[in-house]
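To keep things clear, I will list the structure first and then write my remarks on it.
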Amino acid sequence: MLTKFLIISKQNLIHLLEKLSKKFVIFGPKKQNGNIIIDKINDLSHLVLEYEGRSLIPPKKFFLPPTEVLFEYEIEKDNIKIWDKLVELKKQKRILIGIKPCDISSLNILDKVFIREFHDPYVTTRRQNTIIVGITCETIVDTCFCVFTDSGPLVREGFDLLLTRIDESYLVEVGSEKGGQLISKFDELFQPAPQEFIRAREEKMESLIEKISSLVLPNFSEMYDIMVKNFHHEIWKELSNQCLSCGKCNFVCPTCYCFDVYDDVDLLLKHGKRIRRWDSCHFLSFTRVASGEVFRKERETRIKQRIYHKLVYSVNDIGVISCVGCGRCINVCPAGIDIREIVRELWRGE
Amino acid sequence: MKMSYERNTKPKVGIFTLSSCEGCIVQILNLEETLLEILEHIDLVDCRVLGVKHVYDKLDIAFVEGCVMSKEEEEEIKKIREKTKILVALGDCACSGGKFMMKDFEISELRVSLPGGREVFRADPIDKFVKVNYYLRGCPINREEFVELVKDLLLLRLFKESPLSVCSECILREQECLIDQGYPCLGPITRGGCNAVCPYNNKICYGCRGLSEDANIDSLINIFKRRGIPVPPYLLSLKKLVISKR
Amino acid sequence: MENPYIPKLAIIKDYRDETPDTRTFQVRFKDLEDIKKFKFNPGQFVELTVFGYGEAPFSISGGIDKEDYFELTIRKMGTVTSALFRMQRGSIIGIRGPLGRGWPIEKMLGKDILIIGGGIGIAPLRPVIHYIKLHREKFGKVILMYGARTPKDLLYKYEFDDWAKFIEVHLTVDCGDETWKGRVGVVTVLFDEIEVIPEKTIALQCGPPIMMHFVTKMLKKIGFPDENIYLSLERLMKCGMGFCGKCTISGTYVCRHGPVFCYTEVRGFLEKIPEAGE
């Protein structure tokens, strides 16, 4: 029987990670030029578990890397030899610690895309080989709106362990059998969680919800009909005057998954690679076919593609919206385009 | 069973320099071993910097760095064009006339007395006079991209310029935004492929790789104004240039 | 679990030139197991790899009646197709598929069929014609209307006589030449030659977007119920499995949900497409 809640002191958590680092490669938040980035943690003293907001690039990069070699091949005189890169992936064992509930929610969404009729074996394998240790937020930043996308400040699934800081300890919620097994070998580092810790977490969450709820916004999941109705609203023309088509919003979005596929080969036409790379629906090249035709030529159509994918197309495709309220796209947009304002304006117009 | 691709016989290649700092050819020379490998697959017949000057009538590929600054250079580029099947503009000078003209002087022509009795200082892109088949952008060019282009030409693959913007390449390197820090960085409207080398090193992007597709110059000018960032004069020149080309 | 991104090796068994820039390739898997496993529905496509050059999608244009190979009719366009055209018989390529959803064969049984093709758009319709030949008694009246730019651009000319034995064949070209005795004009001019009962006819069309625009309009005008109109759409399909997002129209993956769509699906797209005839 699994204990659902435990506590671990800050010090013991570091001990635990030290021990685990012998078997797993550990990835987590650390500071780089003033930003929080999630990266490989070689030195546990660099791990920054308590940070404001979320990392610049979301954890999707650990499951769907910005560029990835799918397979390599050797062109021989009368044969082609193929090396599947999946083989190497299968050996990896990773712990991803310190990601926020909004990001955990985003991984649940990506699962719905990549693990269905067809399985993307690269994403699936990485998901299977990675233990997710999330952490709940201490405070919010001014672009957070997870409450309106039902993706925070607490998540119900998608993590193996979920930490919440309570004074100098962490309350640990065990979210999966995998998570339970992981810590079962280190019983001595944990204590059962007293009721007041669980209550303290509830209070923390309530205060976060209260803060975020001060925003005047509808629930994004209920925007479907309004969005459909406003496909030709004038707001899209206005936004097309502001948008720079730089593609940053796609790259920082934890649920944007579109990619391009191409082959690289050496000068001798001997050794080749099939590569996939993140792509952005804001680029003209995104829909350009061999004949030169571009299917979304007008900037307006490309802006709509991203927003409608999040709030409409995604619901049609996987049954849920693809926005987790992390606010990254708002933070990075040079033009200050804010999905909350778009939603608010269309909602108010009703 | 056969695996057979029709390969070109060694193409005749020339590398030419018009007015420039010759920084692009230095990038090519910096390829070292890779350059030696490339030289095995081509027949280099003309390259002043490498001291190669063979007799030839026709070229398959001509790489041209530098901009056109005089009548003589205008004639030279036309002659190169007549001789070659494929013409590649190498670097920002050849592709767009060199950003320094616009950046430093905000004009396209300057009247000064120059050596050789010349009185007009100008810097024109080569496609003002001849048709260019491929553009290899940047100041200087990115040498990896040069290798890609050569490979594509040799293997008859279609060379594609990077679809990314400098801005999107910068965020992939998880950099703090320079515009957010109050600097007039042109990353959002500039064609990528440089891996955001300038912003990564805390230098603003001057747009040396040219405008990205569907670049929204007006919006960037507004963003700078709204944030109290002085609008660089060359951004306004760039806008004029785009309007005049339309 | 098999990795669906890895192509199976196949051999260019043979090819024939259809027009100066279009060629039909006969493709046979290298591995006997792969030959046995490969069963496709008319209208489905494959992803073809030319190693060193990349991968591109092509609809299957033949082979429903063949044991050990299938056909792809390909126009020379970009990097992959140009490289493919330089390859000789016996060369090795990669194949993934069959992928996507083809023509609604089940629904077509017992009905009259109107097949409308424009240019190379006839390619994904050819397996339907071959299927009908094999199972002629399962269908009512079958009409083919096929248009191309010039007589030279008509594909599968060598099969027209055979087709005419079991279906009605109507042809037209945009501009004729001295040899051309038939109709001149876009494919919709052929509507005055045919007799259909829209309620009991299933229309299948594939061609350039502008052609489908006018054909859809015409079909609706002459009383075709929306649910009897089918179109095969062409978009940029890279992964072919509904991941990469390149081929979506209003969030619908052309590769996964299509490339064949019923008009009732297409008319509801938020992003209007010319093929919908609106």
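A few comments on the model shown:
Note that the chains are named A, B and C in the order they appear, and that numbering of residues resets to 1 at the start of each chain.
Please note the rule applied: a contact is a pair of C-beta atoms (placed from the backbone, for glycine too) under 8 Å apart; a residue touches a chain by one contact, two chains touch by 3 or more.
Keep in mind the model is a prediction, meaning the values are calculated, not measured.
The chain closest to the protein's centre is A, with centres computed as averages of CA atoms.
Ranking B-C and A-B by contacting C-beta pairs places A-B first.
The distance from the centre of chain A to the centre of chain C, with each centre set as the mean of the Cα atoms, comes to 39 Å.
One simple way to say how far apart two chains are is to compare their mean CA positions; for chain B and chain C this gives 42 Å.
Centre-to-centre separation between chain A and chain B, using Cα means, comes to 37 Å. Annotation for chain A: residues 75, 78-80, 260, 265, 269, 279, 286 touch two or more other chains.
For chain C, the set of residues touching two or more other chains reads 52-53, 78-79, 92. Annotation for chain B: residues 1-3, 5, 155 touch two or more other chains. Within the complex formed with chain C, the chain A residues making contact are 70-71, 73, 75, 78-80, 82, 84, 86, 113-114, 116-122, 228, 231, 257-263, 265, 269, 272, 274, 276, 279, 281, 286-291, 295, 301, 304, 308-309, 312-314, 316-317.
Taken in their complex, chain C has these residues touching chain A: 1, 3-7, 9, 49, 51-56, 77-81, 92, 94, 234-236, 238-239, 241-246, 248-253, 256, 270-271. On the chain B side of its complex with chain A, the touching residues are 1-3, 5, 7, 37-38, 41, 150-151, 154-155, 160, 163-165, 167-168, 171-172, 174-177, 179, 187-189, 212-216, 218-220, 222-223. Only residues 32-35, 37, 56-57, 66, 75-80, 241-248, 250-252, 260, 265-267, 269, 278-280, 283-286, 299, 332, 334-336 of chain A touch chain B when the two sit together in their complex. Those residues of chain B that touch chain C in the shared complex are 1-6, 155-158.
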